[in-house]
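Same chain, two partners: subunit A is paired with subunit B first, then with subunit C.
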Partner chain A sequence: MTASMRLKEYSAQLASLVLIILGWEIAAQTMNTNALPPASTVFATLGGLVADGDAFGPLFSTLLRTVLGFALGFLLGTAYGIFAATFKTFDELTKWLIQIAIFTPTLILIFLFLVAIGRTNFTVIILIALVVMPMIGTYIRDALKDFDPDLEGMAVSYKVPLHQRVTGMYLPFLIPPMLAAGRIGFTLSWKVAFLAEIFGFPNGLGWQVRQTYQIYNVAGLLAWLCLFIITLIAIEQLMRFVERRVVTW
Partner chain B sequence: MTVKVSLRDLHLAFPGRDGAGDKVIYENLNLDIDEGSFTVLLGPSGCGKSTLLNITNGLLKPTSASGIIVDGNDLRDQPEMSRKMAYVFQGARLLRWKTLAQNAEFGLAGLNVQPKEKWQGLMEKYFSAVGLKDYMNHYPHQVSGGMQQRASIVRAWVNEPEILLMDEPFSHLDEITAATMRRILIDLWRQDETRRTIIFVTHDIAEAAQMASDIVMLTPAPSSICYRRKVDMPWPRAMESDEVIDLEKELRRAFSEKAGIRF
Partner chain C sequence: MSTSAVPTDAAAQPARPARRALLPQNPRARNLTLNALPVLGLVAVWWFVTAFVLVQPRLYPTPLAVAGELVRILSGDGPLGSTYVHAAATFSRLLVAWSGAFVIGTVLGVIGGRNRWFFDFCANPVWIAMAVPSVVWVYIFLVLFGIDNLVPITALLVLLTAPVFLGTAEGVRAVSPDMIEMCDSYKIGPIRRLFHFYLPSIAPYLVANARVSFALGIRIVIIAEVIGLPNGVGLLVGYWSDSLYMAPLVAWGIILMLVGVAVDHLVFVPLQRRIRQETVG
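Coming up: the complex of A and B.
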């Protein structure tokens, strides 16, 4: 993609964001209800949070839990996917366990874990890993099913040693699905961290939202939500940037 | 003449599907391929030509065989014998995340062609030969299907193997490019001081007549050799020359008489 094409793409995306905020502002002005404060008020609140430095503590707590939980879930999920695609029996043995994990509502898991392990950082990290791992695992497993066995035959015919097959063939094949699964998985991790905080943590973004909610401070609630979304957008962009760097073909 | 590759008493059957009986591909097939020959395996679709190359390359184990001999050694006891070969597959089988040159290098590294310093020169020589010098650093999706096929030919040739296995390498090319590629292949093969053994699969009678020093004709499966002849005609052979056309006629006649295929 050329720079000018990318610029065009970005301007379109930026325009859509501006439109969303504009629509919000107009809706808030016409409806004039406490349930939807105007964008300007919310962003002013957010600005205040950032200026006072109050935004960073909760953001950092949530981010740390998310990153650690996601990293663990991603590693386990990728390992599971590779194993399940390689060993049929392992796949059959674990298939339903993984499906059950995917089907179980996240909230139930959160309750169960908070009750069983208690309110520790460790609980949230394990929880995130548990939610993310099956999703990444099945994604990688299914992506590997598309691997062309003819390529394997080619590598065997040319006597390519295992380590070069891994670095030159399997890994490059896996990188795009790993990045895609990673993006979805990271968003999922955020949401789990957020929910877990709402239900049982005295810190983090989720906790802040809960507090503002309890005193009916909708502008405050939306300000925290905006912080959450802005951070997600930034991380998503970062991931896409990395993807473009790594996947050059 | 020395025999380079010899298949002895080859049997192969694939298990039948849904309770059908086994599908027999070869029953007691014997085939000797002379060193330095340009042997063309000619046969109808589905008769087991690709399968024969796979067995020769050690990629597929036959149901039984008393010998799969390369340079006097049985491939099953000495798998490293297959390092003498490079295989041009029926499809291009390129890695889409590697450039054409990197794809060729993947093969060079696998077959461990030494010294490594030679690689760049080898690649330039063969990519130039097939008219892809300017596309070496392109990814497969950036070039046409025919160019991908030619790149896969280079991946085999750069190894300068003693034995080249080529499975319908030109059948996906347009007739004009195919004609050029046939001429290039023959030239490269004849210029080499150590003449390589080429086992070339095709179902194209004209192509066989134009290129082969030795023609092996196969019947539909269960496949057997129904006709075989050496061709003592100098290259380059003009497609429209009387000798080539007579040979084509002879091959068609052999197909209808020996394999029951009518044209």
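Coming up: the complex of A and C.
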């Protein structure tokens, strides 16, 4: 991609964000109700939260749970995907279980786990892993189906040693789908952690949002939401950057 | 997800029969047993644990208690009026939001697939729409609209439009440039072009979008309902959770899961298979 193309891409991406914030500001100024505070007020509140350091406690406790849960789900999911693609019987054995895991409503899992296991960090981590694992697992499994069996046959007939086969053949094939699945999976984890907090986990970003909603502090609510979204965008950009680096290599 | 690899399955098919021939049993029956065994095992473990280890039927319901609740729900008996009324409210919301999202997402997606600038312009909003959990959209729209049926529908609409947009844009981009050039040189009008060229070639993507967004929708519709709505399955689920009574909660989970799987297998899988055959043959 040339520099001018990239510039065009970024400017288009920025334009929409600017438009949203402008529209929000104008709508709030003209409507002038408590229900919709202007963007400037919300960002001022957000600035206050960051400057006082109040923002970091909830942010990091949510982030920690997300990262741990995601790591667990990602590991299990990748392992599952590789096993299911290699062993047909294993794939058949787990087919219905995975279907059940995919179609069970997340909210019901959250309610059930928070009550049955208790409101601990551990519960949220297990929850995230359980939701993310089937999604990553099926993604990796389907990606592996496209693996060229001729390549494998060639490697076998040339007696390429296993470690070389892994680094030279399997890993380069697996890394792009792993990164893509990881990106989607992380967004999902972040949402599950947040949901669990909204529905009854007594700290973190979701808890703050719920609190501010209950006292009808809309500016506070939107400020916490902005923090949630901005963190997500930052992590997403970071992961895209890593992806681009690794894939071109 | 399995739906992302839409048209490529054909290559994987021929390898199967040789392996199946090794087995003495009817392969279909064998696969079904393989599918069902772990699920049955899981139920057995669940029964064992709730009957002998964690004996506390309110918090850890036994499979029998859940089955009883399933029967109660199916007979329409609920604490807040007929369960069918709630289910109907939930599914009508889901259907309205899902079909709306499908239409809007497809139209925007076609534009985004043709016009790079428009796609880049939409990239951030689409991404925000997907990344923000449904419950947050509900909070935002509750603040804006007040308590109204519009709230969960708009929240779902926002969330479901985004993946449809991305899928359609991807499909449109995959349309071969040769065909567009051909259309240009034969001077084919935009409407004929849409129906005769674009729609058939992106049909697999459209079905995949419909499938993915429906699966997503059925999972998040109840989240959108838990807060501030007078009816719906979400209200019931919230009610049981607040009264710390888990059996009906699990029963509702099973019902929603089964509906999701049933729609997927009875509607979308056959549809996908048919479209694949038509595009191949």
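What we mean here is this: the second predicted complex is superposed on the first by the 241 of 249 C-alpha atoms of A that agree within 3 Å, B and C clash if a C-alpha of one lies under 4 Å from a C-alpha of the other, contacts with A are read in each partner's own complex, and residues count from 1 in each chain.
The definition used in the following text is that a residue touches a chain if its C-beta (ideal position, glycine included) is under 8 Å from a C-beta of that chain, and two chains touch if they have at least 3 such contacts.
It should be emphasised that the depicted structure is a prediction, and the values quoted were computed from it without experimental measurement.
**Q** Given the touch rule stated above, what does A:22 touch, subunit B (first), subunit C (second), both, or neither?
**A** In the superposed model, A:22 contacts neither subunit B nor subunit C.
**Q** May I ask you to decide whether A:230 touches subunit B, subunit C, both, or neither, giving the answer as first, second, both or neither?
**A** Neither partner.
**Q** Between subunit B and subunit C, which makes contact with more of the residues in subunit A?
**A** C
**Q** May I ask you to decide whether A:109 touches subunit B, subunit C, both, or neither, giving the answer as first, second, both or neither?
**A** A:109 contacts subunit C only, not subunit B.
**Q** First (subunit B), second (subunit C), both or neither: which does A:75 touch?
**A** neither
**Q** Regarding the shared-chain residue A:155, is it in contact with subunit B (first), subunit C (second), both, or neither?
**A** Only subunit B is touched by A:155; subunit C is not.
**Q** What is the shared patch of subunit A, the residues that subunit B and subunit C both contact?
**A** The overlap between the subunit B and subunit C interfaces on subunit A is empty, containing no residue.
**Q** Which residues of subunit B touch subunit A once you look at their complex with the stated criterion?
**A** So the residues of subunit B in touch with subunit A come to 57, 59, 82-83, 86-87, 89, 91, 93, 95-98, 106-107, 109-112, 139, 141, 155.
**Q** For a test of understanding, state which residues of subunit C touch subunit A in their complex under the given definition.
**A** Those in contact with subunit A are residues 1-2, 4-5, 8-9, 12, 19, 31, 34-39, 42, 59-60, 116-117, 120-125, 127-128, 130-133, 135-136, 139-140, 143-144, 215, 218-220, 222-223, 226, 234, 237, 241, 244, 246, 249-250, 252-253, 256-257, 260-261, 264.
**Q** Can you check the complex and tell me which residues of subunit A touch subunit B?
**A** 148, 150-151, 153-161, 164, 168-169, 172-173, 247, 249
**Q** For subunit A, which residues count as touching subunit C in their complex?
**A** For this pair, the touching residues of subunit A are 8-9, 12-13, 15-17, 20, 35-36, 88-89, 92-97, 99-100, 102-109, 111-112, 115-116, 135, 138-139, 142-143, 145-146, 187, 190-191, 194-195, 198-199, 209, 213, 218, 221-222, 225, 228-229, 232-233, 236.
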